[in-house]
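Labels run A, B, C and D following the written order; every chain starts at residue 1.
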Amino acid sequence: MPENRLLEVRGLTVRFGSVVAVKDLSFHLDRGETLAIVGESGSGKSVTALAILRLIEYGSQGVIEAGEILFRRPDGSVVDLVRQPERVLRGIRGDAISMIFQEPLTSLNPVYTVGNQIAETLVLHRGISWDEAMETALEMLRKVRIPDPERRLRTYPHEMSGGMRQRVMIAMALACRPSILIADEPTTALDVTIQAQTLELMRQLQEEFGTAIILITHDMGVVAETADRVVVMCRSEFVEEGPVGRIFAAPQAEYTRLLLDAVPRLGSLADTPYPKPFPLPGAEAPAETAPPSDRPVLEVDGLVKRFPAAGGQVHAVESVSFTLSAGETLAVVGESGSGKSTVANLVMRLTEPTDGAIRLLGTDITGLSHRAMKPHRREMQMVFQDPYASLDPRRTVGDLVGEPMRIHRTESRATVRDRVAELFGLVGLSPDQMRRYPHQFSGGQRQRLCIARALALHPRLIIADEAVSALDVSIQAQIVNLMLDLQSRLGLSYLFISHDMAVVERVSHRVAVMHLGRIVEIGPRREVLANPRHSYTQRLLSAVPVADPAARGRRGRSLAVGDIPSPIHPQGYTPPPVRLRAAGPGHFVAEE
Amino acid sequence: MTSIARAVLYRTAHVLGLLLAVLVFNFLLIHLAPGDPAQVIAGDMGGATPEVLAEIRTRFGLDLPLHEQLLAYLGRVLTGDLGYSFYFDRPVTALIGQRILPTLILVLSALVLAVVVGTVLGVISARWPRSWFSHALTVLSLAGYSAPVFWTGILLLILFASVWPLFPVTGMYSGIGDRTGISYLIDVAHHLVLPAFTLAIVYIAQYSRLSRAAMLDVLGSDYIRTARAKGLGEGKVIFKHALRNAILPVITMAGLQFSNLFAGAVLVETVFGWPGMGRLAFESILRRDAPTILGILFFSALVVIVANQLTDLFYRLADPRIAGKGSR
Amino acid sequence: MGEAWRMFLRNRAAVAGLVLMVGIVLMTLVGPLLYPVDPFGMVWAPFTPPLETEYVLGTDYLGRDVLAGIVHGGTATLAVGASAAVISIVLGVLIGAFAGYYGGWVDATLMRVTEFFQVLPPLLLAMVLITLFQPTLTTIAATIGLASWTGVARLARAEFMRLNQQEFVRAARALSASNARIMLRVILPNALPPLIVMAAMNTGVAILFEAGLSFLGLGDPTTMSWGFMIGASREYILDAWWPVTLPGIAIFLTVLAVSLIGDGLNDAFNPKLRER
Amino acid sequence: EPTRGGSIVWPVASAPRHFNSAVQSGIATAMPAAQIFASPLRFDADWKPQPYLAEKWEMAPDGLSVTLTLVDGAKFHDGKPVTSEDVAFSVMAVKENHPFKSMLEPVTGVDTPDPRTAIVRLAHPHPAILLAMSPALMPILPKHVYGDGQDLKSHPANLKPVGSGPFKFEEYREGEYITLVRNDDFFIKDRPYLDRIVMRIIPDGPNRTIAMERHEGHVMPFEERIRDINRMKRQDGLVVTDQGYAGIGPINWLAFNLERPPFDNKKVRQAIGYAIDKEFVTKALMEGVGVRALGPIAPGSPFSPKDVEPYKLDLDKANRLLDEAGFPRKADGTRFTMNVDYIPGFALLKTMAEYMKPQLAKVGIKAEPRPSPDFPTWASRVSNHDFDATMDVVFNWGDPVIGVHRTYLSSNIRKGVIWSNTQSYSNPRVDELLAAAGKEQDEAKRKALYDEFQKIVVDDAPILFIAVSPYHTVFDKRLANLPTTIWGTASPLDETYWAQKP
């Protein structure tokens, strides 16, 4: 093994019962470099990571069937981790090789303080006293730039935000200055701005400590921004390997190319004000969709929503106003907790507004009773984020898609079936699948079912709350294309809620940026994305990883440690009024 | 500070509200039961003499309007008067006062036994979920759960008091010998073994299942993976990281089931002649001694409420996530 | 459901429980016709041990046939157990569903009521109610039901709350489905699996409960039941084990069968296990 | 050679309400009270009075007074001397408060010429007056404690009794035990021999049996569970005896409610008498230890009937009588339906009541045992004459005047009072005979009166006498001088000692 090689995996095969999760995988890692392992969900990335530390053997019955994992210890000796006894492995775990996981909330033990959990590793591997370990832990918290580290040392994980928890995980993993850090989707659960900060932090610490990183992710943007080399996996198998530049510029495997094509790239639609489907192989050349009319379908005026909370009220939505025309898509973007879903629920009248008015096709529906609301519900429908959770698992899909017609009695008993079949065809499903149950469909197919159900009553408006966020990129592209197709065919309006800027760019005519319950910027998509005026929008956009290694380092990243300010205010707090000023035609920005 | 004070105040009000509800419920029961309330109260007297009935009527003001009676009743309870047992010819409070301690000893030792043994068994079987031990425990816990407690008690009694006379048959003390010091405690403990174990069996079964499931859950969680990735040994992983999380549902369950445990004591005390409230309940049932039974019901509710509050506190200590929040 | 049923049938212990339960139910339904010996009648010399005469399970202190007691006594035990379980489930689901679905003050109020019943030790509550009212099969079943619905209510509430947040419920609401439709057609079917498991467990608990009451002498005195047999013959246990032990085994097996079924259902409904 | 020292544990089935046997009947109170309180006299196994607190007693020739001379130096447990004042107080206390009204009914007053002499005055001769001075019936209460004007039935001292008997009350823990300790100042020198008596309350029969078998208990009276009695008889370390119940005289019987048809018809009652197989009851149900009861007065009493066998099993005769009485069998083979009540808590009574069902079915009577959930319910039903027939156990309490008359006198038909003439039986000749026997001093004449009385009652059959309750006492074999007099363990255990230390 070359002198600067830390890890060499050869012919690794991992099996869970009858499932082969990783098959004959080989790769290596050199000192100080960052290796990304990419691939779709279920391709075996996490299993590979766990296999290196031999953690698959616990609980589940994973076994390493074949292969070796050679590791150079800090003292220079090389060991095959596959053949080491538990005792030796325990000495390596957390010391020479450490790991961080995707879910920062569930990866920290909820019943121990943060300090305790960091110090534990140090006491274990460094053999130092508890007090000294706490000192070091404090030092580490400072290094990962946690504000007020003395106090944070004594807090419990649940008292921290997701971003902070992930920093704690990093502090814990780096406490013993490992030679390898394995990071399994370390930023997937985080908002883009936090994600950017976290990646930047890891990069800096890597420089400082000289740690080699194995980064597992499915986000090509993150790969492009951070990796030196890339290993691509597909269905448990190795696909290709190479320097990041080459992989992006000249992918050799067909699979890699498909993967890269499906990745939405922010800025790729700067030339048109209209949405545009993804170019997908086998599909016709993507056509631009028709321009929208200016007939308003939805008008929202001064919408306010507050929830009671411990210590006051959550100001979830503050004076939100916008209009949406027929055939138009308004995208609402913003970070987690900024109030996007609340707006959707308010518009759908699933939540009662605290104040404000909602006009649907000219009718004020704000105060309507459940019964009076019923006819209006036919005009607008919703598609939810989680295709797995939004279909009742106990009923056949035909029944589910037909349900709106039964509730609203828009079709006779006999014609419901035909209409369901028609809807199936519309979303690209075969009508003979009607008698199946939701769990017999894939995620993408389920989302099609949800769309079919939403279309059942011939609505004019569809609210899509993170409708594609849970899907793999290739599936995501298909669904987006379907939505655009339906829009041009049926003249639908979409209120498209997402945190993914690149997807937003593909689908929307206009964009509204929400922050702390307010719309801070709203305007034509091209204007807002290319020419953001509000500082928050700018921050948001700069944080979006760009799936292009060549563009790496072009944008300066702040390492600001601040979390989103809390939307919780004491009872009786009056928020400052939102004043929008025009920044261009149809482009408005909140005053700062 | 003020928030703590408010929490305490809230909790106290909550507890008092519950107790008040139990009292009103008791009161209504006497009045809703078929027949003359005076007869119900006299209950045990059989052909209660007119004098006794008259005395009850004046004593309980049964000729007053209902709401005044209720107020008077609540007033009496405030002064510690839970009524008078005409059968035992003694105030109910005095009767219960003598019996509460043995019951608490029995119930608490059974609870501790159940939680400790149940958790240990559950943890062992969760650690090796495919071992014969785990399978055996699953079967045994179902069996322990399915046998009627009084029946198990009778069989254990015959087995361990008559066939193999290892434990005393009945009661709480052997009667001879001094009633202070270590030998006395040993005597009581010796008498406690069979009843406490009998009462605990069902709960050992339940808690072992519960803690097994919780432990399996916890062992599959991300933070256990984190702990292992740190290089911690199995002991630390299980006992420091997993156990404290896995025991939370057991605590919750123990709190919720305290009242069942208390009720189970009635049967166990009856079988083993344990001189507690449960047997008093049984005896007063035989005599249709309504004031005593209602007193016992009230007292048990009180104990259960206190126990629930303690469990809650315990839970808060064990789980920092709910520490700051209001009452469950 | 079909899936769950297949899972259930693959679970050997659960199937054994089901077979046992069917056997017991058949025995209590058909047994009295096939074996029409009066369980209260004195048929032979008292204290005849099992297997010595035509009365294969022997006789009790009065010369009553133990087998007749077991065959005829199961009816009361099972009927009370099942109807008490039904009462507790219906009551618990109703209260829990409303609390979980509507939340807010409805929830607060209903949960207070639940809490109230929770602090009253169930057996004691049942004893009080039966003391004040008369012990008949109906009052006993009602009392047991009344004393054991709180667990169901908590579970139903949690399930309704959880499901109420699910997207498919919000989807139904977005379609203008009425509250009744959502509760009955959308949430309830999805909340059923844990409730069915609980119903099975509650049946076991209710059977044990009935046995306990009969043992204490609070059963219906005109009806033979297993708990009654144990309570009546307990005095003679030292010399005649069978009139106590055999009905105990009957209770034990019945509850075991119910528990096995409940356990099997629990596993069958558990999606984590299903994927294996 | 009696030796001093040691304790005994005495398992008892039920807890006493209190210890004052002057106001409370029943053995639960009588047993501890007989240890705590001394009484004027005690009786040997032959019904002969023996000196106790009274060293001498003298019945006036006209039978209208009894003069008692108290022993010298008797003291209460609090150190105060026992005087004739206390005797006078106690006699009147019993007369006024004890449930057995006829027991001291003729007493008009007690004279106390000097501290050691008490003269009990009677309105008419009272053959049972000496028996009424037994430990179980007449505790001598300290006047300075109980004479404070409070109601004796609820006197606080009832639970902290002060007597002059061989043992002092030490502690009573409700539902657990009663402890009595040796009275070092007992007026009989060197007695008692035991240091301590612990009465453990063990309600469950098997538990009591196990306790005896394991020698955790040493004295167990009033045991009627035949199986366990036979089992303990086979144990080496135990002595099982049926001695000591002659005074109690417990009879199991089936009593009818004569107010209710068809039981107002003598033939129906007799028919039922012929239908019951007493043989089966004593041999099979009572496993051979049963003794037939032949009339109202229990065997063991000098007045009990001998050499008769009323109502031998005869189903044909029973059927004939019922036909004659006008209750022919209906189409379904039955004649009429009746309920059979029984006192709850007595295994044997329940067994017998349950036995009636299949047995009477043989003569076409549908007899349904009607259980009572508890004693008060039963007592309320029977004392309010709301029953058809009931299984009962009634004690003779030594002399017929005390325990027998109450059930047959037409003057004692008193609704609401249990163990009165709840049958509503009324026969003028019986009233006459009982009145005469209650005054008759001459034993032989008295016996003749009772013989006639019994013949009439047996023939009238308001009550069918079935068996003597098979009470047994179980002792640890190492104990000596066991209390086997007519009052058994309801008398002081001052002579009992450990022959062999446990």
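In the analysis below, a residue touches a chain if its C-beta (ideal position, glycine included) is under 8 Å from a C-beta of that chain, and two chains touch if they have at least 3 such contacts.
All of these numbers come straight from a predicted model, not from anything done at the bench.
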Pair joined by more contacting C-beta pairs (B-D or A-B): B-D
Separation of chain B from chain D, taking each centre as the mean of its C-alpha atoms, in whole Å: 41
Between chain A and chain D, centroid-to-centroid distance (C-alpha), Å: 89
Rounded Å distance between chain C and chain D, as computed from the means of their C-alpha atoms: 47
Chain C: positions in contact with at least two other chains: 217-218, 234, 237-238
Junction residues of chain B, two or more chains touched: 158, 162, 286, 288
Interchain contacts, given as pairs of chains that touch: A-B, A-C, B-C, B-D, C-D
Interface residues, chain A side, partner chain B - complex: 50, 53, 55, 58-60, 89-95, 98-99, 101, 103, 106-112, 120-121, 124-125, 156, 158, 169, 172, 310
Chain D-touching residues of chain B, taken from the complex the two chains share: 43-47, 49, 87-89, 95, 98-99, 157-158, 161-162, 165, 168-176, 271, 273, 275, 279-280, 283, 286-288
Touch list for chain D against partner chain C, complex: 204-206, 209-210, 225, 227-228, 231, 284-285, 287, 347, 351, 354-355, 357-358, 371, 373
Sites on chain C touched by chain D in the complex: 40-42, 45-47, 61-63, 135, 217-218, 221, 234-240
Partner chain B, residues of chain D touching it in the complex: 7, 9, 17-18, 154, 173-177, 179, 196, 198, 200-204, 206-207, 210-211, 213-214, 216, 344-345, 373-380, 383-384, 416-418
